[in-house]
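Next up, some structures in structure tokens.
There are two complexes below, and they share chain A, which is joined by chain B in the first and by chain C in the second.
Our next item is the complex of A and B:
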């Protein structure tokens, strides 16, 4: 695909995550790490989109790698970085160099941060130490700790219900917590879905997802249907689950040649998602939910709508732009590049 | 945090989903590894080479052997745990003294424990867990028993009225031979099958001994021995199991009289021998072993402990083995060698058959029927027997297990490197 793209180089740093500002269509942040996040510093790039292309507005350096970021939902200048030393740092783009808050309870690498999209007064983090923690941006100590028990790669809030939090981890499970339940009952855990288990219904013909447990690296809530979650991970398959009846996946998308590192549902269409993988590609999918039911199986085979293969190293981060006509995405890879491009071009290019 | 851990995490994500066995074989800096393991020869209770050697002396010899073989600075060993069943007071005082005489400094702590026939394994597992939790960095799990000097009716005290009043509780003191005879009858374990299993233990052990397959694991000890005929005390070096009898067949065993019941199926030839011996296992994290330049023989993975009915103590492995599989995610097909203690041919055979374990994978160098079962020692002995045999064959995954008096079972998974 040869569609036009905007590009920025994070020289000396390998990006891990990219996020559009929820306030401005011209602001993007990138979390990155020296030496592929294995050893060395991290750098947070706050980027501005202008007539001259992508410009650095501010950078924040950390002593250890940065693996994820989340923009504040209540202050347009603030954002969180998830750091390799287990800390989470809150930066203000008007305050140079140092974080305005430092949250340090995780005992190992913090791998993800997510800001509550509904009440906007809390954020969640997940870590290699096997916990998810819930924080208030105004307090140094966490409000709650949810035990997962193994390396937890990503955590996320339900987009419509502020009490519901999800997490995926090494043990091949998607967990759902409802903070309204009493803590005495399994620390708010209400659902533990084995992602690899095929479920009781027969698979659609020709679809053979791996049935072995595998690390789940990423997940996201559908923005239109708050009972649908998509997961991706080491077994290369993307699956969607209806958490009201989680006996098996509702849709399966196969195509990536290596682990799926990150995925995100479109904010503009209920069936569209995008995924980034160690196979260096970014792929656009429909989960099949809007297509006519033809197969005998209730499990929908998702359809790949396009492949973006401009990254020359692992593609690890992506985000959809909330603004404009819809369809613009930002992707980052270990090739030290941030690429902004129009996913609609992929579909058109396909036709 | 650890760059090596991060690198390994990313590479495993790229390598893709792994089977439970592949995961087991991954080397991680936090692995609890064995850098030396050995045992003394096992000799017959009351007449073998160690009949006049105290348990503490056996243990001192084995511990000395560990220091010699591993060349570890003894001051780095923070704790020694010795499984011992029959010694009064658990042998706690004697074992502390044994560690000092073996060359460990006063800073090396020592304790004993008693989980009957699994004491040696429990000692290894306890030390592994101490290392895992960060309580210590380097430790020794060990086991010892002098059945010559300490076996007898005084091993169990009189049961109180309270214990006698509870049927299952009272069952705990039924002698193992008697209850195993009953179990063999109830579970229909035929005398001929028991004898065949026992004969094969003798034959395997005989072959292994001839081929020198025990030489690596056995640490020879020089001890005093009183000749029963002349009454003269000599100094001898014991380096071979003396219970391994050549020429034992199922037919020859078939002629022996039942030991626990008239016409019974269990006899001296198809039950474990009463023996003396000691064994020890040096453990630490892989990162520690690499820092100290220790040779890594294998690693400890996981262990399980279960309870069963006291009268059915022999079925312990049948319940413990699936439990350790559940913990590790592997299946019986992933295991290359099973070291299952042959307390009685009847129970070992029954467990193997119930679990569907292939007999050729069980105790390939023979077992307690052929060379003995010094109670507290066996669990630690199995580690040496297993790891050296896996290494010799170029195989990886091993399991050790045993039934435990009063109705328990224990199992552990090990990986040779």
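Our next item is the complex of A and C:
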């Protein structure tokens, strides 16, 4: 692709996650770990975009690797870091060096954090200890613990309903929790979707995703259709599910050569998502929901719109910029690089 | 990983290996086969967790058999998620905050940043948080249940009315979404009781609910303890394997080398230039060959581990790699202790720091 690109190097640290600020289009945060997260420290980079390019505004070091970040939705200067020691640290960019709050209940690595986008007063974390915890930034102790039972790689809030939380884990399932249900009813679990199950309807011709259970590493809610969730994982397939009728995927996107590490729906288009993979590529997709139905199967084959192939190590993090014309994307890889690029050309090019 | 963690300092390596093992047969073997290797045993935890889940569920269902209610044919999801159509909700919500808010929408947070104890004198910010985007549960399909618990759709998070005692103990900053509070019960408790064929008073209902919550907390604590202590054992062979090799403990040099070797083998068929030149894959090769080992929270050349000042391994992934050396022997126990960070005066005492 020929899209313009900005670059920043996280020297000595391998990034795991990147997030645009929900307040500023010129502020980006990157969570990283030394030695690929195997051993060593972590560093949180707060980056600013200006005439001089990408500049470091603040860094926060941690004893352990950092696996994920989430900007606060209620304070433009604060953000969370999910750490390898099981803690979650809340940093304020106006307070150097130290976290303003430390939340430590997870017994294993905290692997994802997500701030509630609706009520903005809570955040959720998932961990390899097999739990999802819900927190208030004003309380040191968690508000609620949702048991998953196995390594939980990703958790997220429904973009329209603050009481609904999702999680994906190693057991190849997507779980949906509704906090309004009685705690005695399966601890708020209302839906458990086997991601690998093909469903009762025939697959489109030429589409054969793996049907064996595989670790699900990432997922995201569609920002325009809040009953649709996309998942990706070790089996290299990206699937979308309509959780109103979770008998099988509604769309399948195949193309990555290795596990899909991170994906995100576009905040600007209802059918566009982007994915980062261990195959060192970042790919842009349409789930096919806005395309004419040609195949007899109700499962839509997603279409790959383009490949960003600049990373030279595993691509592990990405995020869409919420502002501007839409289409700007930040991606990070273990090549110690943060790349900001415009996916508009790929989106427009689909015809 | 670090203290307080069972992970072991390089459990991330196990994860990488698992992520690359995408062969269907391997997945199947991982889940069902008796001969899975130690580092491929994530399914063991899965199986075990299912058992734990079932036991925990039994505990919960001992009071209220709600499995059919939440697993039955009626799903509360569709109506719950009937949001305002195609509106880009998140985008809109964020656009509303596009203007810099230097004073903070959540002033207590700024206060907390400086003095977390100041929050103690304030009422819950959560209770007052707007929930404008919440779909009205009254539109939910009616769930006919023969239980003394209303349908999911009748449940609604509501702040506790003034003067009503908090259900969750002493702190007035409690999160009122925890105690499930049927809206109808608050407004017409007697009518609801009649509908449910019960004569319980409002306070009685709350007591029962509080008891349920206490049971849940207790069961959760037991479940978590069980998760932390139990190891899945399916047969004697696997039991002996586990006895010899802890599943998720810190990896020794040999174990780490074995994991690295498996990862290298999983990408060995990839002839692309990127993988041939990958620093990470090269590091895995060197770890597999035990040319690089982990000592004192650093990757070091194995040939120099005998020297008094081991050379820090440079992964070569970036220019000017900055490694933070261990401050001293006492400060470098496992991962996360490579550098001692002084405590902030504004942080409450916490062992994790």
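Convention: the second predicted complex is superposed on the first by the 345 of 351 C-alpha atoms of A that agree within 3 Å, B and C clash if a C-alpha of one lies under 4 Å from a C-alpha of the other, contacts with A are read in each partner's own complex, and residues count from 1 in each chain.
The criterion applied here is as follows: a residue touches a chain if its C-beta (ideal position, glycine included) is under 8 Å from a C-beta of that chain, and two chains touch if they have at least 3 such contacts.
Just so we're clear, the structure is a prediction, and the values are computed from it rather than from any experiment.
Annotation: superposed three-chain arrangement on chain A; chain B versus chain C shows a clash. In the superposition on chain A, contact is made by A:278 with both chain B and chain C. Ranking chain B and chain C by residues of chain A touched puts C first.
Of the two partner chains placed by superposition, A:305 touches none, neither chain B nor chain C. Within the superposed three-chain model, A:336 lies in touch with chain C and out of touch with chain B [touch as defined at top]. By the document's definition of touching, both partners, chain B and chain C, reach A:236.
Look at A:124: by the touch rule set out above, it reaches neither chain B nor chain C. Contacts of A:108 after superposition on the shared chain: both chain B and chain C are touched. Once chain A of one complex is fitted onto chain A of the other, the partner contacts of A:86 extend to both chain B and chain C. In the superposed pair of complexes, A:160 makes contact with chain C only, with no contact to chain B. Once both structures are laid onto chain A, the chain B stretch out of 95-103, 203-211, 221-229 or 293-301 that overlaps chain C is 293-301. Once the two complexes are overlaid on chain A, the chain A residues touched by chain B in the first and by chain C in the second are 36-39, 64, 84-86, 108-109, 128, 151, 210, 212-215, 217, 234-236, 258-259, 261, 278. Residue ranges on chain A touching chain C, taken from their complex, read 9-12, 14, 22-24, 34-41, 61-65, 72-76, 78, 84-87, 92, 94-95, 97-102, 104, 107-109, 117-122, 128-131, 136-140, 143-145, 147-151, 158-164, 170-171, 176, 178-187, 189-191, 210-215, 217, 223-227, 234-236, 243-244, 257-259, 261, 267-268, 270, 278, 280, 312-314, 322-323, 334-336.
Across the complex, chain A is touched by residues 1, 3, 6-7, 9-10, 12-14, 16-19, 329 of chain B.
On chain A, the positions that touch chain B within their shared complex are 36-39, 64, 84-86, 108-109, 128, 151, 210, 212-215, 217, 234-236, 258-259, 261, 278.
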